[in-house]
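Listed below are the structures to be examined.
In what follows, chain A forms one complex with chain B and a second complex with chain C.
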Partner chain A sequence: MQQAIFTKKLSRIYKLRGGKKTEPKELIALKDVDLEVKQGELFGLLGPNGAGKTTLIKILTTLLAPSSGEAWVAGHNLSTDPDRVRPLINMVSGGESSGYGLLTVRENLWMFAQFYGIPSQVANQRIKDLLEVVGLGDRLNTKSSDLSTGLRQKMNIVRGFLTDPEVLFLDEPTLGLDVGASRDVRRFIRSWVDQNEGKTLLLTTHYMVEADELCDRVAIINNGQVLACDTPARLKRDLQKDAIFRMEVSPLNGAGAGVFERLSGVRKVTHEAKDGSSTLEFILAEEDALGAVVNTMTQQDIHILNLQKREPTLEDVFVSLTGKSMAEVEKSGD
Partner chain B sequence: MTTKTSAYKHSLIPQNPGWLPRTFRFAAWLGWQIESNWADPFVFAIYSVIKPISSAAILVVMYSVITKGAFENPVFPYIYLGNAFYIYVGAIMAGISWAVIEDREHYRMLKYMYIAPLHYPTYLLGRGVARFLTGSISVFITIAFGVLFLNVPLNIYAADWGLFFVSLGLGVLMLGFMGLLLGSITMVIVNHVWFLGEAVAGALFLFSGAIFPLEVLPAWLRPVGYAMPLTYWLELMRRALIGDVARAFPTLAGFSNMELIGILLATTAVIGLAAFLTYRYCDYRARELGYIDRVTNY
Partner chain C sequence: MATDTGVLTRRAIKVTGWRLFIMTVIGRSYPRVVGLLRERSWFFFDIFLPVLGVSSYVFVYRAIQAPEVYVGFVVMGGAMTAFWLNVLWSMGSQLYWEKESGNLGLYIMAPNSLMAILLGMALGGLFATLQRALVITIIGMLVFGVDFQVTSYLQLFAVFSLTMVALYGMGMMTSSIFLLLGREAWHISNLAQEPIYLASGFYFPLRSLNFWVAAGASIVPLSLGLDAMRQLVFPAGSFPPFLAVPTEIGILAVLSVVFLAGAKLLLDKMERLAIAEGRLTESRR
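And then the complex of A and B:
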């Protein structure tokens, strides 16, 4: 099968200017990323905010030059042939309210279709059909400035699909959408890939469920590096021999989660304090290790309010790879 | 060992020639929608009349105070027409560079335009069409006001309309190239870029002979004016409309109309080449710096 996206040691370093007297700092946004996305795949890039997902998409869509390395999209080298790549791709970024507010929804979309050389009649029919799919059928002639952020986001999603790209990049497409709208968008994304053989979709998300539910394969990315890349099932399979417990407990009273990490059989612990209680997630090498955990809690005068054993998720895969949950990574800014 | 990436090779001439007319046409359409839709048509009409007349009135009052009302002096039509046609400079040149700022900061669509299969320099030139049209309304109203109420000696039967339209066409092309040059530079500036277009248009006002002959400038500054195509264009536009009166000043009196057209053509070609080369460099730099979609919220 042909590769829709291929990157070879792709890196991107940003030079951040400091104050007048300070030297510019370097921020490594991507480091030696090797990635292969097959034609026809729905591929997910999963990672916390600041992991490098958007930087990678910007490079792959010709918006940003890499500092080093090479990339190919739809068979064309981005360094030498960006003009050949552009007609074959499209991109939608979530969580932003872009669009020409003075134009109606139809005009915004129609104009883009024209830039891609789609005949007016075909464009108008596609616009109508796609707007119906995302529930915007009755907003065809509404000025886009009159749309809510969520509806404008839907309009932008339609813009991405409208041009029928060979490779579509969706950067956090459900960011800012309500639960129902997110579900509709996810369903549409999956059906588009299923119904259009050979079309490739690269999706970035920091929602585990989204990656798990939608993607054929997922690359987990953190600090600009791809840590793992496989199908969601295979990524989780490695953890299935482990026992994963989620505990809601009374506040840790100064005892950090580190006290548990030293226990035999405990592979990873994450901790989140919330509303007068603490939530601990344990990845244990075997279930028997739970006894030592409970004993330690008793010694520390920590009360267990709730205990659940559960199946591994992609979040657990991320924790097992980085030692931290995505929320912890985002909070610490690592 | 990583491979150091060379500059993106970005073709100035698109690989699919069909992109050019398509890009120009729909960029012009978009520009017109933006220019004409921001206000109610009645408000837009009022604005279109009041703005140019107010601008001209400031100049007329200043002239009147300084010369004690010497409207019969050939200096007046020289200044008045220079000022009227200079409206195109702000409209087209600054307008094209403004399109980059608008798309990037306000509509946040620059990145989507940029990755679309369009020829971006042509897109920017297309966005200038609407500015040319709205600018033309202002120029027409300003000149009509001058002829009707201030005795600007324009005789529509005596005007050289052939020269006028040739000069206008060349001038619009030249201003489009200057706009592309400025727009390209705008791509690699993200902070405090809002005033760039107006600042450059304002600075060129001094050196183009728009409101005073170049002889008024210190000798060491005059070459700036002589090097600028704007100077020759404004002279041609004046000559086309008011003929000999425009030749009353020594600046370019030694040049025939054909010579001026030749100089305008040559300087326009130079500006055009410089604009495309600058675009090529700035496009590469903007991608290297990550500025194509940089929003400052300034």
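And then the complex of A and C:
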């Protein structure tokens, strides 16, 4: 099967301007990314804020040149043949404010269809049908400035599918959507890929569940590097033999989670403090190690408020790869 | 949400080449044209204010008992001001706003030519402004009793068209420059507005300026265009022309080519820079 997206040692360095003398002048946003997305796949890029997801999407949609490395999309080289790639792709970013507020939903979408050479009659029919599918059928003639965030986002997503792309890129498609709308959008994305053999969709997300439940394969990306890439099931499989416990305890009060990490059998611990309690998550090599953990807690006078064993998630995969939870990475970043 | 089969699998026909170019131009001009119909506030700013400006000049000219033809001058200048303001505010800074709203990236990513996008903006703006200019002219004619005596409609049309091509060509060119300059653009627009009123002879014959000032002002195609058009609608000898009409037509033609070529060149440069540096397609800095 042909690859829809293929990258070879793709890197991107941003020059930073105007900072203080002591601050770094460059930022490595992507580092030697090798990625292979098969035709027909629904592929997810999962990573915390600043991981480099948008940077990668921009490169793959011809909007940004890589600092080094090469990439192919829909069979064409991005740096030598961007004009062949462009008719075959489209991209939608979560929370974008594209189009013109004074135009109606239909007019905005029609305008973008013109830029792809879709005759008005065809475009209008597609717009009507697609809006119907996302539940926006009654908003055809609403001014787009009058749409709520969620409805607007649905309109943007329709823009992506409207031009019948071979490879579609969605950057955080469910950003800012409520539970119901997110579910609608996910279902729509899934059925588009399922019903269109050979069409490929790459999305970025920092929602674990989204990557887990929606995507055929997921690449976990952090600090500009792809740390792992596989089906969600196989990514989690390595952790299956581990035991994962989630514990709510009385505040750790200074004593960090470090004491637990030193215990034998404890692979990773993450710690999140809330007012009045701390939540600890343990990835244990085997269940027996829990005894040592509980003993240590007793010694430190920490009370266990709640204890749960649970199945591994992609979040745990991320933790076991980086040693930190996504939330911790995002907090420690700038 | 229904996931009805059929809708999602239907293929879209797409045209390419010059047909895509035309469709892009029409697509991008559309918001400008309907904007005219939907935004009622333009009437105040784009009709009332210029008419007010025109009136004050008319009163001054009448007070100093200037020849009556000067009143016609002023009305014509007022009408053409509409184009100048449109180019300055809606062409020059447009790419910058497109960047801010996230459209610029989508325009670059689409399989069209950016030139078609700019052309669409220009044509849409031109069409919308044409109506304003006509309204100003008609009001001027009715209120101040201006009488135009057109010697050659053909030449008048040619001069007007050429002036518009050159003027909007200039707007297309400056839009890339403004984009590269970022926020500064706004200040430049502000700075450019008033001196141009003075230098390009909106309200008096270009010739009344020092020859070299007038020559300098001719970079702005409106100056020459206005001078030529005035020669064509007011009796010969009623005011001192700057240059002969054919000469002015020649210069306008050259300016048109230069500005349009410049626009294309700068646009390509802008796109290359945007892709290399990755900052022109986003609003964060």
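Criterion: the second predicted complex is superposed on the first by the 326 of 334 C-alpha atoms of A that agree within 3 Å, B and C clash if a C-alpha of one lies under 4 Å from a C-alpha of the other, contacts with A are read in each partner's own complex, and residues count from 1 in each chain.
The definition used in the following text is that a residue touches a chain if its C-beta (ideal position, glycine included) is under 8 Å from a C-beta of that chain, and two chains touch if they have at least 3 such contacts.
The shown structure was predicted, so the numbers you read here are calculated from the model rather than taken from an experiment.
Novice: On chain A, do chain B and chain C fit together or clash when superposed?
Specialist: clash
Novice: Check the residue A:Ile57 against both partner chains and state whether it touches chain B (first), chain C (second), both, or neither.
Specialist: In the superposition, A:Ile57 touches no partner, neither chain B nor chain C.
Novice: Is A:Ser191 in contact with chain B, with chain C, with both, or with neither (first, second, both, neither)?
Specialist: second
Novice: Output check: A:Ile283 vs chain B and chain C. Expected answer is one of first, second, both, neither. What do you get?
Specialist: neither
Novice: Considering only touches as defined above, state whether A:Asp164 meets chain B (first), chain C (second), both or neither.
Specialist: A:Asp164: touches chain C, not chain B.
Novice: Using the superposition on chain A described above, determine whether A:Glu132 touches chain B (first), chain C (second), both, or neither.
Specialist: second
Novice: Applying the document's definition of touch, where does A:Val122 land relative to chain B and chain C: first, second, both, or neither?
Specialist: In the superposition, A:Val122 touches chain C alone.
Novice: In the superposed view, which residues of chain A touch chain B and also chain C?
Specialist: 14, 58, 61-65, 83, 86-87, 89-91, 93, 96-100, 102-103, 107, 111-112, 114-117
Novice: Spell out the residues on chain C that touch chain A in their complex, using ranges where they run on.
Specialist: Of all residues in chain C, those touching chain A are 1-5, 7-16, 19-20, 23-24, 26-28, 30-31, 34-35, 38-39, 101-103, 105-112, 117, 274-278, 281.
Novice: Sort out for me which residues of chain A touch chain C in the complex.
Specialist: 12, 14-15, 55, 58, 61-65, 83, 86-87, 89-91, 93, 96-100, 102-103, 107, 110-119, 122-123, 126, 129-130, 132-135, 161-164, 184, 187-188, 191-192, 195-196
Novice: Can you tell me which positions in chain A touch chain B when the two form their complex?
Specialist: Against chain B, chain A makes touches at 8-9, 11, 14, 32, 58, 61-70, 78-84, 86-87, 89-91, 93, 96-103, 107, 111-112, 114-117, 159.
Novice: Spell out the residues on chain B that touch chain A in their complex, using ranges where they run on.
Specialist: 1-11, 14-16, 18, 22-23, 25-26, 29-30, 33-34, 37-38, 107-109, 111-118, 284, 287-288, 290, 292-293
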